[in-house]
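To start, the structure under review is shown below, and the notes come after it.
Chains here go by letter, A, B, C and D, matching the order in which they are written, and residues are numbered from 1 within each.
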Amino acid sequence: MDRERFDKLGEECGVFGVYDFDGNDVASTIYYGLFALQHRGQESCGIAVSDTNGPKGQVASKKGMGLCNEVFTQESLGELKGDIGVGHVRYSTAGQSCPENAQPLVLNYVKGTLGLAHNGNLINALELRHELEYSGAIFQTTIDSEVIAYHIARERVNTHSVEDAVAKAIRKVKGAYSLVVMSPRKLIGARDPYGFKPLCIGKRDNAYILASETCALDTVGAEFVRDVEPGEIVTITKDGIQSDCSMCLPKGEAARCVFEYIYFARPDSCIDGVSVYESRLKAGKYLAVDSPVEADVVVGVPESGNAAALGYSLESGIPYGTAFVKNTYVGRTFIKPKQSSRESSVQVKLNVLKESVKGKRVIMIDDSIVRGTTSDRIVSMLRDAGASEVHVRISSPPFLWPCYFGTDVPAREQLIAYNRSIDEICDIIGADSLGYLRTERLDELSEGLPICRGCFTGTYPIEPPKENIRGDYDK
Amino acid sequence: MDRERFDKLGEECGVFGVYDFDGNDVASTIYYGLFALQHRGQESCGIAVSDTNGPKGQVASKKGMGLCNEVFTQESLGELKGDIGVGHVRYSTAGQSCPENAQPLVLNYVKGTLGLAHNGNLINALELRHELEYSGAIFQTTIDSEVIAYHIARERVNTHSVEDAVAKAIRKVKGAYSLVVMSPRKLIGARDPYGFKPLCIGKRDNAYILASETCALDTVGAEFVRDVEPGEIVTITKDGIQSDCSMCLPKGEAARCVFEYIYFARPDSCIDGVSVYESRLKAGKYLAVDSPVEADVVVGVPESGNAAALGYSLESGIPYGTAFVKNTYVGRTFIKPKQSSRESSVQVKLNVLKESVKGKRVIMIDDSIVRGTTSDRIVSMLRDAGASEVHVRISSPPFLWPCYFGTDVPAREQLIAYNRSIDEICDIIGADSLGYLRTERLDELSEGLPICRGCFTGTYPIEPPKENIRGDYDK
Amino acid sequence: MDRERFDKLGEECGVFGVYDFDGNDVASTIYYGLFALQHRGQESCGIAVSDTNGPKGQVASKKGMGLCNEVFTQESLGELKGDIGVGHVRYSTAGQSCPENAQPLVLNYVKGTLGLAHNGNLINALELRHELEYSGAIFQTTIDSEVIAYHIARERVNTHSVEDAVAKAIRKVKGAYSLVVMSPRKLIGARDPYGFKPLCIGKRDNAYILASETCALDTVGAEFVRDVEPGEIVTITKDGIQSDCSMCLPKGEAARCVFEYIYFARPDSCIDGVSVYESRLKAGKYLAVDSPVEADVVVGVPESGNAAALGYSLESGIPYGTAFVKNTYVGRTFIKPKQSSRESSVQVKLNVLKESVKGKRVIMIDDSIVRGTTSDRIVSMLRDAGASEVHVRISSPPFLWPCYFGTDVPAREQLIAYNRSIDEICDIIGADSLGYLRTERLDELSEGLPICRGCFTGTYPIEPPKENIRGDYDK
Amino acid sequence: MDRERFDKLGEECGVFGVYDFDGNDVASTIYYGLFALQHRGQESCGIAVSDTNGPKGQVASKKGMGLCNEVFTQESLGELKGDIGVGHVRYSTAGQSCPENAQPLVLNYVKGTLGLAHNGNLINALELRHELEYSGAIFQTTIDSEVIAYHIARERVNTHSVEDAVAKAIRKVKGAYSLVVMSPRKLIGARDPYGFKPLCIGKRDNAYILASETCALDTVGAEFVRDVEPGEIVTITKDGIQSDCSMCLPKGEAARCVFEYIYFARPDSCIDGVSVYESRLKAGKYLAVDSPVEADVVVGVPESGNAAALGYSLESGIPYGTAFVKNTYVGRTFIKPKQSSRESSVQVKLNVLKESVKGKRVIMIDDSIVRGTTSDRIVSMLRDAGASEVHVRISSPPFLWPCYFGTDVPAREQLIAYNRSIDEICDIIGADSLGYLRTERLDELSEGLPICRGCFTGTYPIEPPKENIRGDYDK
């Protein structure tokens, strides 16, 4: 279903950068790129651009709370003049939801101006922040990106180039990050050694692009060049792309976030060579193989459940159907009237096509169950519409552990799978049967790419942070 | 695809009314109802409510340009106190797009206050307007609804009840209308004798509801009672529903707008006993029967093409697939940057799932072709993604004539089907083959309900208006 | 002091109209003119323009709640193309404060489009409204102007010109009105026979202007031509100004609102040949003659009290001083925080210059006392700042009766002068002495022009309306 | 006249801080205080508050472009919970006009959170900024305050208290500053050793207040306690006020900005024991003594010229008069329509009272002449209104040199007094005679307090900065 805070996983951010060697303004391209990445964050967005031929490091930027459509106007885009730029869409996990925390971060440092857009969560951000504070640093936001920026600025004092400073800085940070950095004359992309978050390179005419997902390249009419490798730093200048792979781990040690495939990424994106759409189709197929059930129709909970439903149908031979109509006008800014009203938010967003399910045995595929409150409601809606049986299949394993790398998960006690058997969950959501994707299937789903399975198993590629301890403050 | 002004048909409006006999505030229910009808009009919206136990005819209203989400806030909804009310979402066909023209129309007349929400187009509005002006009337909007309101007010002077005044008034108007009227103590619904536009009755607890589509009843948790009959006037008071069928034509003479089934209505709605979803499935099946072609996959252009694609697949046995990802964030307020940019709006809104179509013979189903510019672009996108063949099937007959009853159609010369053979159209949009729904299938599609086929044949149930002639003005 | 609703009189409106025979756009001139008239109404404002060479009677308009600065933007002004236009600033007395009631009223009638801006209050508006309703009229606002517009539209059906229709229409209305009407090719000004409200004619190059006050002519760089006479209708066309004086009363029977001189109008305006500033100076002089007192300094309550204070000083020889600093940033949109706070609104708006009053016997001149709550506060502030004596002089007689002609007066029981002697009032506001302008002085103040003294004496030039009786409404 | 950027001097900022020992919320008091200081900056404003009993250093803040009325709403003020807080109004001199640069600056540092509001200009800000950047600092604004904040943060690492860190930090900065700093449990005020900018202490019940001007104390109903001394740091805690005077210079070496008395401060304020109003009166008296002329009336250009005009009148015996009416609705957001229009901005803002000047010899007093364009216009307006002679007197000496301490002065070549004799200036503005305040009078005006006269003489209390040289940036 749709990306709500209350009963779905939350993703952190989308990043986008362009450097046009022909000197064309890039703000509108970034704007379109952010549109394509809007599903990765609807809380705030921003664009910062610079003119590589103008005064060193003068940056024009515009940030704000809301969707791209709400933050940018023709006028404000027209004022963003520059041939190099970065953009960002944000869903807050670390750092409060407030205007100050919108990205890209724009700052002056020893060598001019930096623009920085960041997707991911650091696990040692607090530690690093304290270290920096103890040496006299000041922080004006509560986002991890400011910690990274600080380290880049400090390293830059004693290094020969900004890319070296970036390289030294990110050696200090631990966690998940896909980073796009704009210096006065360079566009830099970096991805953490585990490759938790995606980042790819595109090209259009004489311009290079960095983007969280390939769908953004398609949208702006750019060609896909390649993915930035886990651990790689790419530096884009008029002389081309330079690559620094000194931080790359051996291939098998990466740990991509599997939820990018299952739920976060747009199905028309391709991450590290694996089609998101295909991987969802496959998840459906595996479910058909591993959790078969006799039924009349297989339907997906829109949008992300649809591909898995199609996969299930193709594998099982049970006809694919459409059971839900989603109201796409119910967006981020949906206002719940204060008047006590009987209308539930699920009902406002989803309605059942009675004709599709009446008198039928229905297999309903969703990508995950978090708290279970929505699933409960949807199963009821199918039954009310006349479904004789409702079999729920989930295209991911049960969610059991916290994520430290950028996915917004409720407290463990609120997870429906915590301390419960699958039968118990099935009872709670009122289904006739329930099946999850088997954890073993995850590797096949990502075509053998190593993935992080921390949220299913509690075993993480990097040791998670200890309890937060903060120093003694002025009283 | 989505409802854009430039290359799609435009629908006029959605109406919603409630009368809660228990005295509960109805504004939030209207708000939710308008949400469910938002697809019928995104230009402006409004709510007017009244307290049937308060001073006679005191109305609180709020109207504005934009979506429900944009016009209403918790605060403004909270100020709309009343147990009877009407709401409206608008897409302008007649009357300019401006705040003055937003509905519901709220007015004082001899017996207090009226609230009026109207869906449809009158063909004698200009004539009636002139007549009224020649007897000293003043008009503050350019919408047809004001003409209807005037006639109700004039008739009310010499009638015993508001419903009689409504009945007399609508005898004078010709054309398409589904009307919801709120008087100080009555909620009235009326539908023109041809039943061009839908209108239905629902009930929740002790409240009656009138709505353009049944999906709005589902959304607010109301039960469907029945459709208002073409030509019927229903008057809802604490004593129940009274029906006046004196204007109803013999059953076979109605002329419902077939595009409600094909494209306008939400698939989860049911109009005059016919499921919109089912009729779209059927359209796909007829296309499979009448315009068969060998292929590997059949895909729909979202959203409205999907059901027809599923129908085609079910009938033909060719697998159903998903070929497009639609960016739902690109809404009404999408800003096109002034910077000349290479990004096309189609590309920003739709992307192709390469995996679904690469190397495949694709059947692509859309609901209609208006100018053909979008179809052209989408066919190219499929080919660029590697489709080996692209066969286009359209779930309606060729569009050839203007609509006088509320559908926004471009000038005839801009219609791709005007003066062109199907082969010529096929060439223009670059498809390997092209098939339209046969006109004969329309009756089957609506399960025998009589429909208007003016836009396909040029023969209309009511004679269309003559040239506009306006009198001599003050100079 | 400043124009607050709670403890000051409220004025109704300002009107402005232009017709530029050279075909230049007039919207910006109207905008500047409304700025100059902003003191007459801060609640809403609007501009409507038309192109006399374009299609007959096509009007572009923009209205909204708030000050000119808030309602208009460069963009919205740029869209108002036309060489004839009317503008309005509003302070609501009759009719609620809501967007629908903003003026100018723009309407279509038998001969095209009318724009209408109105200052004043009709006393038979309700009666006329009922009459119209009983003949089938509908009303979309609650302002008197709609009643006038209706009558113009009805009369126009059987008259030869719009000015004749205006003439016939205003014969039916009773009360105060200064009216500017724009028809497709004519600009018409009308003033009620008593001349309650001001209206004057100006000229700039080849353009004629109608405005509530001469200060608006100065602001737009126009020359004063003459006042519109009480009872006169002027019609401005390319052929010049035509005058219809058939409704004019004998000179001595007019009844100008004396508060225009005392408080409403800007001091730099001149109404019917009498300088507002001079009349305020004179009021001060009369107070010095009629209510002398020994003192060290005479000060005015800003802004309107200053001129009278100067007059008192000139007459008495007691030095003029400045005792108050007014915070001009505290405007219409001043937000009172909900947090219970000790700050009073008077204190936020006014501060005392201690140096000016410390140890001194102060004469403080204000234009009127309504409820007395502000006067009370200001006297205290002077004492707190060290004034040894505070003598209050009011440049108008005691306010005792309601106004039916456009001035917003609280209920009679709330007037401090109601049922109280001057000594009692003096006690309540805590002054050492109190003096009002003698009623006999009013004629001298207006240089012999006949004035309305209804609010002081209860005797009105036109008989005030009876109790409101409204008909039986639909139930 | 009013505070426009183009032809008037610009002031930098106003600061306000409160600590309420009884734990009451202080946001509304800060809001009222900023209102009273709004004349010091209309570009942006902000409030930051903290709860001294809550989690250490958690700060709620709201900043934005515009006036207090525009930035704050009841809702946003209600969300600012805390018993200690700082506020700021800004007029940008150093640092661009953009949301990022709005104050107070809120930041996290080693000991929690700091809020910082600053009035004044540092002359070594760029130098300090470079030094900090070379040690790895990052800057997110372009305001001097961030430099001060950085130094406080760095010093805090090795000091025992925040006030010691402030003391060490401001030893490094050179220039003009009045500073209010909020730490988790302390409110600190600091004023540079020359005392360029004012800062005073007030008390209301159990709350202490710091404010730029005493008029803000009056507005919130607080008592004046004393001024912060030039060079003094005051630390306000529950234990009372602690003072650190170690940076204070010998009394005679301070250098207050004389324009605070002449023009910037509100007349009802008292700075370092000298009444602003009295000093303006005196300036007028000196002009009467030093530049006498025979005339019929003496008038001030509002607002700041009025007090000097009264002084001139009292000294000379020439009657005081009012010649101008100012339109106070023409505020910061005045929109100039793009349509080429004949209306000048001076005319829109000021109108002449013809009655006051017609046929008279007028002495017109203004506070300063910057470029001379406005003076030129006003003199013409007086002549057009019939003044037979216009004698201009300026209540400050000729403006000849730049200001490095916070006053916004145009480039030297644009100053009318640059390279011109007084007779030449008189000719340019079209006056019959022109007189400036003699420089020797400045000391008397400030009652002997040492003042800065750099802008008149080019000799400054601190050596002004050299040319800006910026390091080599990343390319």
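In the analysis below, a residue touches a chain if its C-beta (ideal position, glycine included) is under 8 Å from a C-beta of that chain, and two chains touch if they have at least 3 such contacts.
All values derive from a computational prediction rather than experimental measurement.
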item	value
Contacts common to subunit C and subunit D (chain labels)	none
Gap in Å, rounded to a whole number, between the CA centres of subunit D and subunit B	60
Distance from the mean Cα position of subunit B to that of subunit A, given in whole angstrom	36
Cα-centroid distance, subunit B relative to subunit C, in whole angstrom	48
Residues of subunit D engaged with two or more neighbouring chains	none
Interchain contacts, given as pairs of chains that touch	A-B, A-D, B-C, C-D
Residues on subunit A engaged by subunit B in the complex (per definition of touch)	25, 27-29, 31-32, 35-36, 38-39, 42, 67-70, 72-74, 77-78, 204, 215, 218-221, 266-268, 275, 277-278, 306-307, 310, 314, 319-322, 325, 327-331, 333-339, 341-344, 347-348, 351-356
Residue ranges of subunit D touching subunit A (in the complex, touch as defined)	56-57, 99-100, 105-114, 129, 133-140, 142, 146, 149-150, 153-157, 161-162, 183-186, 471-475
